[in-house]
Each structure stands twice: as C-alpha cells, then as structure tokens.
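In what follows, structures are represented as structure tokens.
Note that subunit A is present in both complexes that follow, paired respectively with subunit B and with subunit C.
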Partner chain A sequence: MAEIPKPKVGFYGFTGCGGDLLTILHCEDELLDIFNAVDIRSFLMASSDVHDDEELDIAFVEGSITTDHQLESLKGIRKRSKVLVAIGSCACFGGPQAARLGYGDWEERFKKVYGEVKHTVARPRESYPLDEYVKVDCCIPGCPIDKHQFFFALTRLAKGMPVELTTFPVCAECKWNENECLLLKGELCLGPVTAGGCNSRCPNHGLPCIGCWGPTKEANVASEISLLKERNFSSEEIINKLRLFGGAAMVRRFADLLGIKTEEPAGKPRQKKARKPVAAGKAKKKTASKSPKAKSGRKR
Partner chain B sequence: MSLNRIKIESLARVEGHGGITVNFKDGKLSKVTVDIYEGPRLLETIAVGRIPSEVVSLTCRICAICTISHRYASLRAMEKALEIEIPPKVHLMRELMHCGEMIESNALHVFLLALPDYLGYPSAVHMVPDHAEDVQAGLRVKKFGVKLMELTSARPIHGENPVIGGFGKYPSKAELLRFKYEAESLIPDAERGVEILRNLRQPTYMEEGMTFMCIKPEHDRYGWVGDRILVSTGEEFNAWDYRKLTNERVVPHSMAKRSRFQDKPYFVGALARFNLLGERLDGAAGEHFRRCYNLSWIRNPMYNNVAQAIEIVWALEEVPRIVDKLVAYEEDPEIVAPSRDRGAGSAAVEAPRGTLYHHYEIADGKVIHADIVTPTAQFLDMMEEHIRVAAENLVKEGDTEGVELKLEMIARAYDPCISCSTHLVKVRGLDK
Partner chain C sequence: MKALKLKKEDLYAYLESLKSYGELWGPVKRGERYAYARLVNVREVALQALRTILPPKKFFVPPRFNMFRYSEDRYTEAFEDVKPRVLFGLHPCDIHGLMILDELFLERFPDPYYKKRREATAIIGLSCIPDDKCMARSTNTHAVEGGFDLAFNELGEEYLVWVGSSLGDDLVRLNLDLFNEEIDAQDLQKYLEWRRKRDSRYKLNFDLTGMPDIMELSWDSDLWQELADKCLACGACSMVCPTCNCYNIRDVSDLSLESGVRERHWDSCMNKEYALVAGGHNFREARAERLKLYYTHKLKAFITEYGKPSCVGCGRCIDTCPVNINVAEVIRALKGQEVKV
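This part shows the complex of A and B:
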C-alpha cells in the first residue's frame, strides 16, 4: 500500500505570551506522537530546523499582530498555507493588549511606555487579531488554549475534516460540574457569556470566570450586563472585565452595549478590501473604506 | 576570510522573537546588538485603572513560561500594598507552585532547548533516535513540573487559583502525597541531566567576569523569595530599592528595555543564585553543586545550564519537605481580605531565569501605577557583552566556522524569555 504523505504543518508565534505554543510543548505524553504524525516544517520555539518558504497544509498561528513586519509574515504564511488556524485569545481576538481597541489612544499609550525613542527593529502598530488582515479558517480560543481542543483540531484537520469546537458557554460546564453559582452569590462571573472548553476551571476552584476564552458565539452580553447591574456592579467594573480578554470581538459585536465609540484609532492599519460596516459594531455611520474593522459575517 | 557582518535573524529554541547582529569594520568588530523585535503590547497601560485582582490576571499573561513567578511577584506586591498578612499554609502552597515552575521551566530549557546544541541536533525531537532515554527523562521531569503547576494553580499555564490573600481551593492530602512520592522517584531522571552536562566540555571563548545578583532568602536555606537582594560586589539592597539596581533605559534596537548596575551589565538567573547562595544547597543537589563547581562559573554563562540542571534536583527534593508541612494543616484558610484600599508595594521573586520585580501603587481600590522589571531585560546587556567577547575571540583565532551557532548557544544559555523582557510594565517616570 502506498504511504500517504504526512500533512506539512507549521507553528508560528506573533505578539503574546507564547502560552499556546507552550501548551503544545507541554503535551509530554503526546509530543513525540505529534511530531511523528505530521511533518513539522517550522516550530521555532522548539527546533532550529526551520523551512520557512514551503507550502503548508496547516499553519497554527499564535499571537496578535502588533508590528508591520509581523503583518508581512502573516500574509506570507497565509499565502503558502491551505488552512490557517488561529490559536489562543491573542490570535482570535487580539488578546489583553487589545483591551483598549476602539478608544483611539494607542499612540499616546505607546509614547508613555517607550518615550520618544525611534525603534530600528520594528514598526509598531495597535494590536489586532489575525482575521483583521487575512482569512482565518479555524479559531481555537483560550488563554491559553486547551490541549484537548488542539489535538481534536489537529487530527480533524490532518484528515481534511471540519472542526467544530464547543458552542456552549462556561456556565454550562459549570452546571455539569455541579458548582455553586457564583453569580447568585454576588460575584462578577463571566461564565454565561464566555466560550466553554476549559471545563469551568475557575468556578471549579470557587473563583469567578474572568472571560479569558473570549465571548461565546451566542453570548447574550446585554442580559449579562443587566444581571450584573442588578447586583450593584458599576458599568465601569463590568466593562473592564468584559474587555480584558474580549479584544476585537467586543468592539465588533458589542460596541453599542459597551459604549465604545469606534473612532478611527490612531495608528489604525489600512486594509485593501473594505468590509461592510456592521450596525452594532459602529456607533457612527462611516464610509466603508474608512471602517475596515467592522465586520458582520464573522462571529469569531 | 573577511567578515562584514554576522546576522542571526531569529533565535531558535527561545521564548519570543529576537536576533543577534555582529558588525565588523575594517576587519575589526565594531558593534554587537541583541535585537529584540517582539511586538509591543503596552500591557502597562492596560493595567492602570483596573482593580488589583484583574491586574494579577493580566500581568501573569506577560509570559507563559514564567507565569507562576509573575503571579507570585504580583501577589506579594499587591499584598504589601493592601497590608494583607497571609497564613502559613498559603506560604507553603506558593512555595510548592514555585517549585513546579522551576522544575518545568528548567527541564524544558536544559533537556529540550539547550542540550540539542551540545549534542549537535536541531531539536530534542531529532535527538530521540540516538538519545531516547535522555529525552524521555527530561520529558518526565518537565511533565511533573507542569502537573504540579496545574495542581496548585488550576492550569498548567495562567492558572487562576492563586489569588490575593490565598487560594481558591486547596489540593487534598492524598493528591499532595502522590506528588511527594512522584517527586522522590524522579530525582534519578533529574540527576541524569546533571551528569550529561557535567561530562560535556563547556566552550570558553566567551569568558568574561560578571556581576551577579539574586534574592537573599529570609531563612538560612537555599530559596527564591525574599525582600533583600544580594550583589556579588558584596553589597546588599532592599527589594523595594530595585530601581537603584536595575536603572532601566530604552534602546533603539530593542523593544525590551535594558538594565545596568553601576554602569555595568550584570547576570541574573540560576548561575547567579549558585554563585551567591550555592553553599546553602543541601541534599543531593548540594553534592552535585560541590562536584560541578569550578572557578569558570564566575566567568562563563554556559554553566547556567549546569546550575539549572542541579536546581531541578533541589526543587524535587524540596517538594516532599513542603508537602510534609502542608499535610499537617487540617483546615484550609479563608481568602484574606485587604485591610485597606490604597498603598504601594514592591516585591521580588526569583523566576527560573532570574530576579523579577513587581511594583504597584493603588488608590481607591484601583491600580494607578505598575512597574515590572523582568530578568531578561536585566541580563540582555550582559548577554551582548558575552557575545561580543566570543565574536572577537573566534574571529581572532580564525575560528569562524559555525560562528552563528556558537553565538546562538551563548544567548540560549541565558534562557532568555523575550516576551517577558518586552512586555515589562512602566508608566510613571516617562511622562516627561
């Protein structure tokens, strides 16, 4: 029988903590199997054996885009990959570094941190998730990702099959785990609106969900906000919590609810193809060419 | 052979994105830079205006490999600021989670990232056909560290269980004892790493005297947490005076800030800890230290790999001692609430790759200022210096074959964490 060629896979990291790639390196029992099951062409964090000009079947990309150079690399990866998978909250939503997206204060904040020094190594820009710039075929959320979801995605994709990850919120897992409801105890828990898949780890430990997997597909943020307000949390507290890991998803989907006036942010990246502005994602109507960030079709 | 420039675009087998550039002019070395092109995150500006618990969840996300150290340092700093006294059981649990990270991070670096260089492979996976046992031993030890982090912090990376004032939930006695016995059983695997490294010849072309710094533990044993900082010049500082030690500045070729002490580069990490506190190592780790230590340890950063390998042995011996004390407590303490909503606090802990400082100022229950100085930001200047000396010596001796790998090995010996170094936190003081 003719041997089926192993799918060619690349692992890449942009701006983030490295936690999603590290989650893969933390699969000690499966690590050697993974390296055997697929043909890993690039995994700079683990190996200096790198082939970065080849066609790939699957590219796994961690981190958000915060420099021009990264944007070029991302486009290159997209061009030579059949399937591009965003792994982790930074790649999917922009990460905690995108918690102020839409406020238009990026340039000012950059100066606060680095002063007036002109960097020669990288042209920085505000943090955006991968799908702001290229087509993303699959998103594995998490801060960091869960290794079982990664195995699931890898094995499905390696066989050319579609990947459907959890569609229910943390709240559902929490109930299956028979935890005492923290919302009812008066704590600011984001379980009802956060993507499940972590097995409700924080509530299992008696701690409220901080929303680190980003909003779930059918998140009812409006109801969560009114529920929390009934329990005497201020709008500021609620918005701070929702935005810490919600990144671009919050701006695109819930700008009105969160009072984000989506002004054109400073240092805003340009995009060639303008997309349709989405009503909920835009407070003001602008011409399509000026609002590349808004998008309606994509949920994640 | 004439050289104009040696350029290593992307350092492999390190966390984050950095490179090395060595420039020559008229056949002479003119400039060495360790370039850090990790993208900026400005997490510092995200921290301001948030409540302390959110900032603890945020700052640990600076880095996945040092997540526990970041969390530990931020918890200590916040508790100082908010005047929280934590019970002894919480102390012990934190020591245990810290051991987990040291075992995980050091094992990852020693076995999977550094060892392939010495043995001539591009990665640990490529080593498997010839050195399966060594790789497996490393993976076993690393896996134990990861599991210990999961046990104590609720997740291998960015676990939220350690909170200001205590822990959400404590592991059962049975679980703790299982970890105790497993730690004991893994000591031979860790010792295997020490033996391999001890028998390898360490390159010497980069040797150059160093200043070392590390935390002085509060007790008289070896340890990683305290409020005093030891310097190899014989001086001692309070941890809250860390700015006198680190003197940060911004340079154009790096998204990470740089540090110097008394205008000299300095080293932090396992090698610094062993040079300053090695005599305190007890048990099998102490024996290995005395057998391996030599005078090159004060000049040669490659011995950081050996020091890390021995530190794994010490941490594995420490786990049973901590577990024995932990299981003596019948009750799980409640999370201690803050006694005030304003204040300032600085704290230091040893991350696997060196001393890490967190400093916060809080008013009306919100963080108004945050400052974090990471180990990698502190040692990048020292790394540049060692790479410069190595490049000079190798070119002088005409030994330029594979010079890139030789320079990269020096960088890797430091076990840099580039995400960390780049995303350090500082807001005030720059508003000029």
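This part shows the complex of A and C:
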C-alpha cells in the first residue's frame, strides 16, 4: 500500500460516565492496531500528552453538553476537525441527563435539585447532544458503544468511506440470536424502536431492552406505546422508559406522543439552527418523520 | 421411496447412532419456545416441538457469517463451520421451506455458501399434528413427498420411516437392526387414519386460489396504510420466515486497513434502507409500500413465478409479530374478512 499519512485523531469527553472512551481504552487486544491505523493527537484518558491546538481529521466526542465552557470547547473541536463523530448515547441524544428535556423550566429544575448555588467553575446549562450546537458527521450510539461498531466506523472514516451502521432495531439481532420475545412475554421491552448494533445484549440475558442506544430512524413509537398500553403498562411508565435514553431524539421527533409541548422551555438560551443531514453515510436521503410536529430526523 | 418401521423406544438409540455421520441437531426447549440446538444428549430433543423460533434456514444461511477474508492481493473463503450434520425433527412445512430455498440458491445461480452447507447436511423429517397457528394445509405444504433423507411419521407406538434418498438409506444402515422392514395392511390403515386426524386439526384454512388476482386488485387498498400504522418495521417477520432469504453484504476492514472480511447477514424488505439506491433514492420509502412488497412477494409474485406461494404455513409470523401482522391476518383482510390487527 502506498504510504498514506495516518489520519490525525482526537478523543474528547464531556458530560457522561466516560464509558465510551473507556470502551476504546479497554480494547487491549486491538490498541496497538488502533495506534498503527491512526495518529492519536489527543486522548486525555489515555495520556496527558495532548495537542489541542492542532487540526484533526477525525474527532471522536463523548458526552453531552452541560456547561458553557463545554460548549466553547466543542465549538473549538468542531473548527479544528474535518469529521466530528459523536460517540455514545450522551453525545448522540443527550443521555439520561436529558431525560427531562422539554419538561418545563430547566433552571427551576436545577434549583430544585441543587438549591441556590454560586457557579464557580462553569456555568451549567440543560443537557443537549452535540448536534444541538454543531454539525455532527456521524453518530455511533451506545451506552456504552460497541467496540466492533467503533472499529467499523474508525476504519471506514480512516479510508474516507461512508459509515453505514446497522439500521435495524434491536429485534432483528434478537431474532438472529433466537431469543424468546420479551414483549410477547408481557415485558416492557423497547427492542422494536431502539437502534440495533448491540447484538441484543440485554435480551440475550432475558432482560428487556431499555432503549440505551436511542431510537431507530424508523421507530414507530406510536405503535410501541399503544402495544405497551395493551399490555397494561401505564403511559407514565412507558414514556419515562422511552425518555431515559431517548433524550433529544425523542423530544424532537415524538414530542406529541410524549405529551410535550414543542415551544422552547423558557429561560434557556438555545441556538436555533436548521438540522441538516450530515455527510457520513451521505448516500442516504433524509425525510421528515411522519409526526406533524417532528423536526427532521438526524443522521445516526 | 422405501418405508420402514422403528419402535418409539428405540428412537434415542437411533439418534445416538446418527452421530457417527456428523453433528446431530434437533429442536430443544428454549424457555417457553423451541430452537434447533446441538443434541449432545439425545434425550434433550423436544419431540413435541411444533415450531422453533428460527426455521432451519439458519443452518444453510446463518444469520451472519463471513464469506471470505480478503487482503490486498487475495481472498480466502471461510467455510470453517461447514461440517457433516444431521438435522432431526423438521416438520413438513420446514422441509417445503428448504425446498424453496433450494430452488432459489441452487438452481439458476448456485450460491456456494448455501450449497456447501446444504450438501453437508442430512435432513430427517418428523410428522406433526397442527396447532391453531398452523396453516400448512392451505399452502399445501402439510405433507412431504421429497426434500428429505429420512422422514419419521409417528404412528402409535412406532414411527413409520420413509427413506427419501440414498443418503437416507445409508443413515438407516448406521443401525439397521433397529428397523423393521415388514409393512402390512394394518400399517396402511393406521397411516390413513393418522392423516385424517392431522388434516382435521387445521383451524386456519384458506382458499389461496387466485391469490395473485386478489393481490393485484388490492394494490391501492387502504389496508396497507392501516397495517403500516401498526407495523414496528422491526423485520422480525422476515427473520423467522423459512423462505425469506434476502441478505446484505458489507466489508469489515481490519484495523490494519489492508485486510478484512466480507460479511453477510440477513436483511429484510421491512428495513427502510433495503430499497435505498445510490443517489439517495428509495423505492419504498413508506412503511406501507414495504409491507405491500413483503406480502406481494409471499402471495403474488412467487406464485406467478414458481406456481406456489412462498408461504409454507408454518405460523412463525403469527407467533412472532408483536402487533399481530401476519400472513393469516393479511389473507383475511384481503378477502374482506374481519381482522384482529
């Protein structure tokens, strides 16, 4: 192979558990290969030798944005990077910390939990995924991400190819693994509306899907809700489950189904911008979801 | 086709002797359902199993497998998992399902991945009495006249064993002493009686004559949108269907970026990306269009092309779809009957 310069790559983390970066760091068997494939310029969890003023080919960013300071850093990363990849459900959808998005005034909620506090380090803000503020070229969902899906994306990006992650919901892989259907057994399983790629990890162990990879593009949330109601789950229970990891993706696309008014919550400075289809996996055309209030779906 | 008899009490002993041909697989209990699994202990076989979660297609086209490894200058095909196997306990509908796959994967454009696995596998059928989800009589797939090496038909205290191929004959000879070759008039009577009993147990009976015409006339029906409002587009119906055979292929590069594997996995026309083509055009963007395609394939296009529906009446879609969209409901709806969807 002709010598092609290795792509310059940075790994960054905002608000989240660090589990996605840790998943990458835990790839002991493959770490040397990763180092060979790309030139890692910044990965604070792995090394304090970071070069945060350089141009990058690919930035992998974990976590949601919850402070003004993070927002500035994110914009900086975006400016220096050719491709920005959101890794993990927090970066893609806002994470569990965005589970109450759209439920009234965030500042009020903040006060209710923390009381009156003086912000010394950073000014907090409501948790939003990266694409609320910057263009995200590719989303690798997961809580945490799956290492094979990460390798797949990494190799595709390193070759300048579109990243085509699985578009099936969890049910497809769940069938491949020949599990008993937990929905049919009367459990609150979010498999049909949740992005696959996890190899149906929870149902393989008899545990219902909690939706931690976020909704699929094709998610028929209305049908899932009515199905679960027929199974005697309460609306509250169903909606809480859908929102736990669905964050901004749920709010943007299914606000009406979740009983959320689509007006902006008061007192929250939120950047208004059109969300556009992004470059990675660029062959795919996006269309608005059927829900009348839904904004155009995001590339995942 | 030769017929023999095997005493029920000798079944386990015979299953044990089949292991000298290859790995023995059969239905076992999985929770409240069944799945084909390797029978290390032959007594684990679930003889009462009516339908497994996945059909036997999983043996010939695994849900996902590597077709080959590639590097910059060569490729090596990956057939590591291909080894002699005996599949025991396939019901007639599943054997018909396999025969449909044979037509698709072995005839005009033989698929080497399917062919290798198929040739290494012996098929042993087992008769069954239908439940309320079976509709094989309507699809005329409730009995087999071929497509197996051996077929066991339960008959009181014995099995009537049909030898369907020379391999089947070899399999009998693995333990010939267990078999009785003397068939008498009483056996015929018992067999005819058993057939009547089986046929009388079908609760789902449809007249599928002229189904392509009905499908054609339903092209613009509101039915498809009504179903689409319910459909979760999860693709489970395709995964469990014994005749659904679409697949997707993708290259998964090693981190070296110089080599990798070409991977093949089951796909479904219920998946939105299924009909997406270069340039971003999607032929079946709407869920209703995709549902229509699925059922057009089962009940119209396949009939026109091959003279029979590509539904073998196994009832797996009835057993699987969480929102009750299945071939029986769609046939009912198309014929203007009341449906539960």
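Keep in mind that, in the parts below, the second predicted complex is superposed on the first by the 267 of 300 C-alpha atoms of A that agree within 3 Å, B and C clash if a C-alpha of one lies under 4 Å from a C-alpha of the other, contacts with A are read in each partner's own complex, and residues count from 1 in each chain.
Convention: a contact is a pair of C-beta atoms (placed from the backbone, for glycine too) under 8 Å apart; a residue touches a chain by one contact, two chains touch by 3 or more.
Computed from a predicted model, the values in this text were never measured in an experiment.
Superposition note: with subunit A as the common reference, subunit B and subunit C can be accommodated side by side. After overlaying the two complexes on the shared chain, residue contacts for A:G102 are found with neither subunit B nor subunit C.
Looking at the shared chain after the overlay, A:V193 reaches subunit C, while subunit B stays out of its contact range. When both complexes are overlaid on chain A, the residue A:S127 reaches subunit B alone and has no touch with subunit C.
Of the two partner chains placed around the shared chain by superposition, neither subunit B nor subunit C is touched by A:P215. By the touch criterion defined above, A:G94 lies against neither subunit B nor subunit C after alignment on the C-alpha atoms of chain A. Within the superposed three-chain model, A:K241 lies in touch with subunit B and out of touch with subunit C [touch as defined at top].
Of the two partner chains, subunit B is the only one that A:V50 touches; subunit C does not reach it. Counting residues of subunit A touched by each partner, subunit B versus subunit C, the larger count belongs to B. Note on the superposed arrangement: subunit B and subunit C approach each other to a least C-alpha distance of 12 Å. Residues 10, 12-17, 35-46, 49-51, 54, 57-58, 61-65, 67, 104, 108, 112-113, 116, 122-126, 128, 139-140, 142-143, 146, 154-161, 163, 167-169, 250-255, 408, 419, 426-427, 430-432 of subunit B touch subunit A in their complex.
Residue ranges on subunit C touching subunit A, taken from their complex, read 30-33, 35, 52-54, 58, 63-64, 72, 229-236, 239-240, 250, 252-258, 260, 265-266, 268, 271-273, 276, 278-282, 285, 287, 320, 322-323. Per the touch definition, subunit A reaches subunit B in the complex via residues 13-20, 22-23, 25-26, 28-29, 31-32, 35, 43-50, 63-67, 69-70, 95-97, 99-100, 106, 109-110, 112-115, 117-122, 124, 127, 143-144, 198, 201-202, 204-207, 210, 212, 237, 240-241, 244. Listed in rising order, the residues of subunit A touching subunit C in the complex are 1, 30, 33-34, 36-37, 151-152, 154-156, 158-159, 164, 167-169, 171-172, 174-181, 183-185, 191-193, 217-218, 220, 222-224, 227, 283-285, 287.
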